[in-house]
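One structure is given here, and the rest of the page talks about it.
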Amino acid sequence: MTNYLFYPGCSMTRSSRPYLDSLLAIRKDLNLSLEEVHDWNCCGATEYHSVHRLAAYALIGRNLALAAQQANGSRTVVAGCSACYVNLAKTDRYMREDALLDGQVNEALAAGGLSYRPGAVAVRHLLDIIFNDIGLEAIRQRVSRPLTGLRVAPYYGCMIVRPDPDQRFSSTEYPHELDDLLSALGATVIDYPLKTHCCGGHMTQISPPVAYGLIRRLLLGAEQYRADIMVTLCPMCQLNLDAFQVDVNRHFEADSHMPVLYFTQLIGLAFGHGAEELGIGKEFVTAREALSRIGVAVPAEEAPPPRPRRRAKDDPSLPMPRMAESVEESE
Amino acid sequence: MSDTFEPVIIGFTCNWCSYRAADLAGTARVKYPPNIRLIRLMCSGRLDPAFVLKALAEGADGVMITGCHPGECHYLVQNYRTLSRYLLLRRLVAQMGIEPERVKLVWASAAEGVHLAREITRMVEEIRALGPLDWPRRLPRPTTVPPALVPEEVPA
Amino acid sequence: MSHVAKSPPEKKERIGVYVCHCGTNISATVRVEDVATWAREELGPDGVVVSRDYKFMCSSLGQELIERDVADEGLTRVVVAACSPHLHEQTFRGACSRAGLNPYLCELVSIREQVSWVHTDIDAATSKAKAVLASGIERVARHEPLEPLRVPIHADTLVVGGGIAGIQAALEIADSGNKVFLVEREPSIGGHMAQFDKTFPTLDCAACILTPKMVSVGAHPNIELLTWSEVERVEGFVGNFTVTVKKKPRYVNTELCTGCGICWEKCPKKLVDEVFEAGLGYRTSVYTPFAQAVPKYPVIDEDSCTYFLRGKCRACEKLCPTGAIDFKQEAEYLRITVGNIILATGYDLFDARRIPQYGYGRLANVFTSMEFERLCNASGPTNGEVVLRDGVTHPRTVGIVHCVGSRDRNYNSHCSVICCMSSLKFAHLVKERTGATVYNFYVDMRTAYKDYDEFYQRLLEEGTRFVRGKVAEITDAAREPGEDGMLIVQVEDTLVGRQRRIPVDMVILASALEPRADADEVAKRFGIACSANGWFIEKHPKLDPVATMTEGIFIAGAAQGPKDIPSSVAQGAAAAARVLNRIGMGEIELEPVRATVNPDLCSGCRICNDLCPFGAILYLEDCRVTEINHALCQGCGTCVAACPASAISGTVFSNEQILAQIEGLLLYSVPRRPVAVAAATPA
Amino acid sequence: MSANGKPKFAMYWAAGCGGCEIAVLNIGEKILDVDAAFDIAFWPVAMDAKVKDVQALPDGAITLTLFNGGIRNDENEHMARLLRRKSQILVAFGSCASEGCIPGLANFSDLDSLLDTVYNGVSTDNPDRIRPQYEYEAPEGTVRIPVMAPVLRTLDMVVDVDYIIPGCPPESHQIAAVIDVVLAALRGEMELPPPGAILGAGQKAVCDECERTRGIKKIKRFTRIQHMAAVDPTLCLIEQGILCNGPATRSGCHARCPTAGNACIGCYGPADGVVDVGARMMAAIASVIDSRDPAEINRILDGIVDPAGSFYRFNLAHSLLKAARPAWTAERSH
Amino acid sequence: MTAFVSLDTAHDPPLNLLESVERATPGHSRLEMCIQCGSCGGSCPSGPDMEHTPRQLFAMIRADMRDQVLASNAPWYCVSCYFCMVRCPQDVHITDLMYTLKSMAINAGLYRDRTGPDLSESFVGYVDSFGRSFELGLATRHYLRHQPKELMGRAQMGLGMLSRGRIDLTPQRIQAIDQLQAILRRARELEGSA
């Protein structure tokens, strides 16, 4: 039983409650113990920095300080929200690099009787924990209801992989952790070109048309690859893609119907938990129809055709460049 | 600290990079304080800690050791030896009651005349702030000598 | 019972001091006469018998001053206070030896580059000049007469790398009647140039100008061509290197093989050719990389050959008319002796997969520059047809992306030099072959050198579209109408200040030139150094671009930094000229800056044994002392400084000399008065 | 020459432990030759003698004086000058007189803290924190004791020295050999060595006499010998990560310590041509550290507890810097 | 060397815009290293809607066009996706610089459209008084002020959220709110822009 400090962040306790519920539901299966950081405060999202830079770091600094105090077994702080994750991680990183910032933040913390030594805690995203610490093998073993036949678009969004201050993910542009995880659950994972593109962030509040444009792109991309659902790992992404889909349709006179679920919810389904328990049904764009496919066998042509090892005599096509993994296969 | 204090700094340079950087600073007419006096070695690897101690003992207020950037040593890797010697020397110097800042290691390629001049200027300021080292040429004798034991003066 | 440096040199030296005005270069900031007088009056006890100042010491008159004083005043040592030793040390040493004084008994101290030019306060500069002069005087008194080292030069030369630079170097040397060993890792010489179709800016065909040179290399009586071979180790030193070359087994007896080609026509095993065809074409297991390969003999690649993998097949063996196939062949090790070595090991191409947002490897119709070279090469996989990955469709719009992996701190911070021009070349070829619309996405257009910018002009005339901006991403995710099924190049058109999405059928990535993956290893093997970004370091960036810090080892071509064909050829020839000049001299003179072990003091502690990257330090087990090989020693002095027993001494930079120098600098260091100091900023 | 026609011999014990005196007595029967050949003019340890008797002697009356111990107080200095004047041959005998030795390590700290350690240390019961006074009025009159100098100096820093016999203490067989030389010289059978010569020791470093096998040195970690589970009895100690001053220290002791399984402490002083033992050892040790990464190098260096103390154990007072700053600055502020 | 300087305090010599922006950004922003390649402007999701691409802003900063820079809507359209930052060939900390420009614009009162600043400020308001963000309050307040016509749609969504238990009517307040406020107060003093 590995135990971690857990920083839920505002959204997880509110707008993305289903994310939290599904996480709590699968916690035992993953035998993951999460201890909430006591009396944590908001991470400042993308707004606080825009007003008071130092105060923003102090705001986040308080969370780090509390976590460091509470750290007993584990010094790892897990966040489910990408914005919380990046804010906490980045602050720790910058305090490590910039002695002046470190000094000023600590001076501010002192006013509240707190202090924080940069590097005292390690900030990590939930996906990172599940993928790296628990591992796909453990996941596969727990799968009782494989998601066979379900075409999913793995959507990472921005902040989990960028700027990635501690290089925890495979790529800032085209990561594969979520892809691998979902295929481990038996789903058909599409090669989603927009997997790390922007969900619109706070633009829904500042300039809805701009936000709608960004959201529309993502939906189109997923439809282009015939995805049944999009899978996300960030409250903000889920909210924008799901809750605003209606408005997007209205705005573009489109008729997208793309359910957006949290990866924890899919893990839960694959582990055999009930939709209810996983908070499924609370989304605006219902996933009922899509999920009804689970268990239905995939038509053969659905699977991406493997590259032929020997090519037909008359095949004029030129070979594709070998990618890293395929290189390994061949050796 | 009297502002009239002008430190004297001995600089050890590598024939292939920092000495040429100093020459370059010259040809480019870059200005830096005259407090530093440079000695040319073939490589920073030639730097014998004794040179540094000697300089400090003979009245220098600081010593700057310069060499090629790591990985760019003209003798391939010798500046890494300089690095470890410097790191050990700093510890020993501190034990001798000397501020470690008085001994400084600076990497400067043959192209970095301006960089070298900046480093020199910075160091002169730092040493000026530290004040004179003034290491004694000969060690002090007892201060008070009771009459009973005053030795008859000897023609040495 | 006191420290070495304080002990006065045994016999009193008669030292002559000469302070140079250098016109006003020095005298404007340093009171030259004052310095000279001071030396005469104050430093008499230190042995100064003559002290003069003169307008231009480097002038013939200035030098004659020295020569006369050596004769009349019986000077035994000379100190000149003038410019940097790197400028005129040789000059004044010359003057001394003309006067019959050993040249190494002369010391040049710099009061120009390191005093008058960098300081403004005249008093401070003058007293610093005095200190510097004093240090020179203390030092020179401890100089010893020396002779330069002379090393004989073996007339044979090793050239590593059979690209255009190596080929040029080999031919130059061989034509002059000297023997050359040319070692190439691949089955054939030719290098990257052999993969190209046309060469900028003249667009003449690469094969047409390269093949003749390759042929003459193959046929040259003075060139021993060792392809499919690698240098295993290098021993010895300038003039006399012993090199071990590994000849990998070809499994083809070159005595019998006629290069008829039946074996590779009949070989059943086809695989993607990752090297010569840049992964865009196929070859067989027994193969020559290309038709005009030199030598013409094929090799069997045991990693893919069915016989080596499964123990059956032997088709080639059965069908070879001359029975040249020999599966029993084993690696051969040749030991050759050469006097000089030229490294022309070339470059690697940046792996575009490292930039995921450009989609290479994921999006079928994104090609690398080398893939495109093969694509439009008449003898390439499509016989020069410019088509999409499907092998049939001709592109209607093509985007060419510059600076892929170059000038980018995430990959390589250097500029790859050739990409702008080759991209222009591609643009022209695409237009010529397909009439497609071509976009060039560039950050800065760099077309320096003869006729290059003219070529740019020509492309502008041809109507190529230029967008100034570093491409942000290439995607197949359609957004606007007209984007479906296309590759969309997303970029800020920085001249308009707007983000643009330009749909194209094909993208060509102008990938960066990178140091060879094994450059570091190779450098170590040959005892030279790589710069921080991985290229071989030349002895001097301007004045000695093809020599290295290691005597007898030269570099040419892209191994020294990104280069186009003309520069590579020029460097190849230059390196050859340097080698020929060595061979001509028969022997070379080396500065006698060397370390020596005093066996009476060496206690054999072996502290120094691992300190010499040139392998000059040798431990004699039997008598338990360490010894230094002067031919290998480069004179860095690291072992001298490290010897705990001071048993190692270094000529020209001995402890005595340096300690005395320190005393000089400090003994006469200036009265400490405030000095106006300008901040360090370029004047 | 004295009445009995024998040359006069003197030996004096300044700031030192006295081991040198014992070492001389340790030379066995040879001591009889000394007695036979010399007239012992002044040797407080061996026989009663008065300073005034020495003062009464004409200058240069004493042929050979072995001076051991460093110059730590004004009495030491006084005696040094006196004996210099009265002696033809003045020998700095032992490590204290020539290099400062262990008493020289006091040059790391200022006089005050030294006295504090001695008189108010944990092992001292001195509730009133009493310290000796240089002058004190007793009924018999004023009592004076020698005044401590702020630092310890070696003999050659106070007077000219003719020869040095190194060691802490000098090996008895070496002493015997030196005595033979002097006697032979007195008999006019041979020349005395040139002034400044180092007698009774080798020229090379201790490694020369050390039997341990040595190879290429690449050190990843340093440790103190007492922290080692087992020390390889035949392998060079430095290669085992143990600081050994052998490489820079003069031979002559038959590498006693390394042979006995301990590191050379450096008591025989710098080998020929060595300017500063500390600097030499620093350069040597740092050069064989097997790393190019500053952080790792520092980690490795952390294994060297008290570099200055280890490298300068026997020669701080005679090193280039001679004494740490507090020692002489405290003096200056007086 | 970075420092949080009050951007209103007079400097002697006065910092030019480039210096003050760099000083006001934590770490080394490397702004001076920009080579105007445009990989930021090309990567930016909301780039097409910005009055100036980041690249242009940086050029304007170098040209010391203080007012135009701080008045630009570009920073407010930054969605913090960090694409520009990871793709920048010169490793310029673009996203961080956008934050800096926003707060400088607020301090200088130089922005034409209040929407962005208001959103940020009301968000900060809630966090300062409760320690947590309060979506409902934030949204309603924000929409009332800036997208009244959107408000109906929003209201429906709000109800939707409510019915799905995805939003609360009352804000959560952390226990040690005084401690937090003390910390923030001190931070603002240090920042010099209380």
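We call the chains A, B, C, D and E, going by the order they appear; numbering starts again at 1 in every chain.
Convention: a contact is a pair of C-beta atoms (placed from the backbone, for glycine too) under 8 Å apart; a residue touches a chain by one contact, two chains touch by 3 or more.
None of the values given here were measured: they were computed from a predicted structure.
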Neighbour overlap between subunit A and subunit E returns C
Treat touching chains as neighbours and tell me the shortest step distance from subunit C to subunit E. 1
Centroid comparison with subunit B (C-alpha atoms), farthest chain: A
Selected interface, C-D versus B-D, where C-beta contact pairs are more numerous: B-D
Measure off the straight-line distance from the CA centroid of subunit A to the CA centroid of subunit D, and report it in whole Å. 72
What is the distance, in whole Å, between the centres of subunit B and subunit C, each centre taken as the mean of its C-alpha atoms? 33
State, to the nearest whole Å, the distance from the C-alpha centre of subunit B to the C-alpha centre of subunit E. 48
By the touch rule stated above, which residues of subunit A touch at least two different other chains? 173
Touching two or more other chains in subunit C are residues 3, 357, 611, 638, 641-642, 655, 659
Subunit B: which residues touch two or more other chains? 48, 50, 54, 77, 81, 85
Between which chains does touch occur? A-C, A-E, B-C, B-D, C-D, C-E
Subunit A partner, complex, touching residues on subunit C are 270, 272, 274, 279-282, 353, 355-357, 360-362, 364, 368, 371, 381-382, 387, 389-392, 475-479
If we count contacts the way the header does, which residues on subunit C are in touch with subunit B in the complex? 3, 5, 84-86, 110, 112-115, 117-121, 124-125, 128, 131-132, 135, 524, 527-532, 537, 541, 549, 593, 611, 613-614, 634-638, 640-642, 650, 653, 655, 658-659, 661-663, 665-667, 669-670, 672-675, 677-683
Please output the residues of subunit E touching subunit A within their complex, sorted ascending. 1-4, 24-27, 45-46, 49, 75-77, 79-83, 85-86, 95, 99-100, 102-103, 106, 115-117, 119-121, 123-124, 127, 131-133, 135, 139, 142, 146-147, 150, 153, 157, 160-161, 164-168, 172, 174-176, 179-180, 182-188, 190-191, 193
Subunit E - residues contacting subunit C, complex: 35-44, 47-48, 52-53, 55-56, 83, 86-87, 89-91
What part of subunit A is in contact with subunit C in the complex they form? 171, 173-174, 191, 193-194, 217, 220-221, 224, 310, 315-324
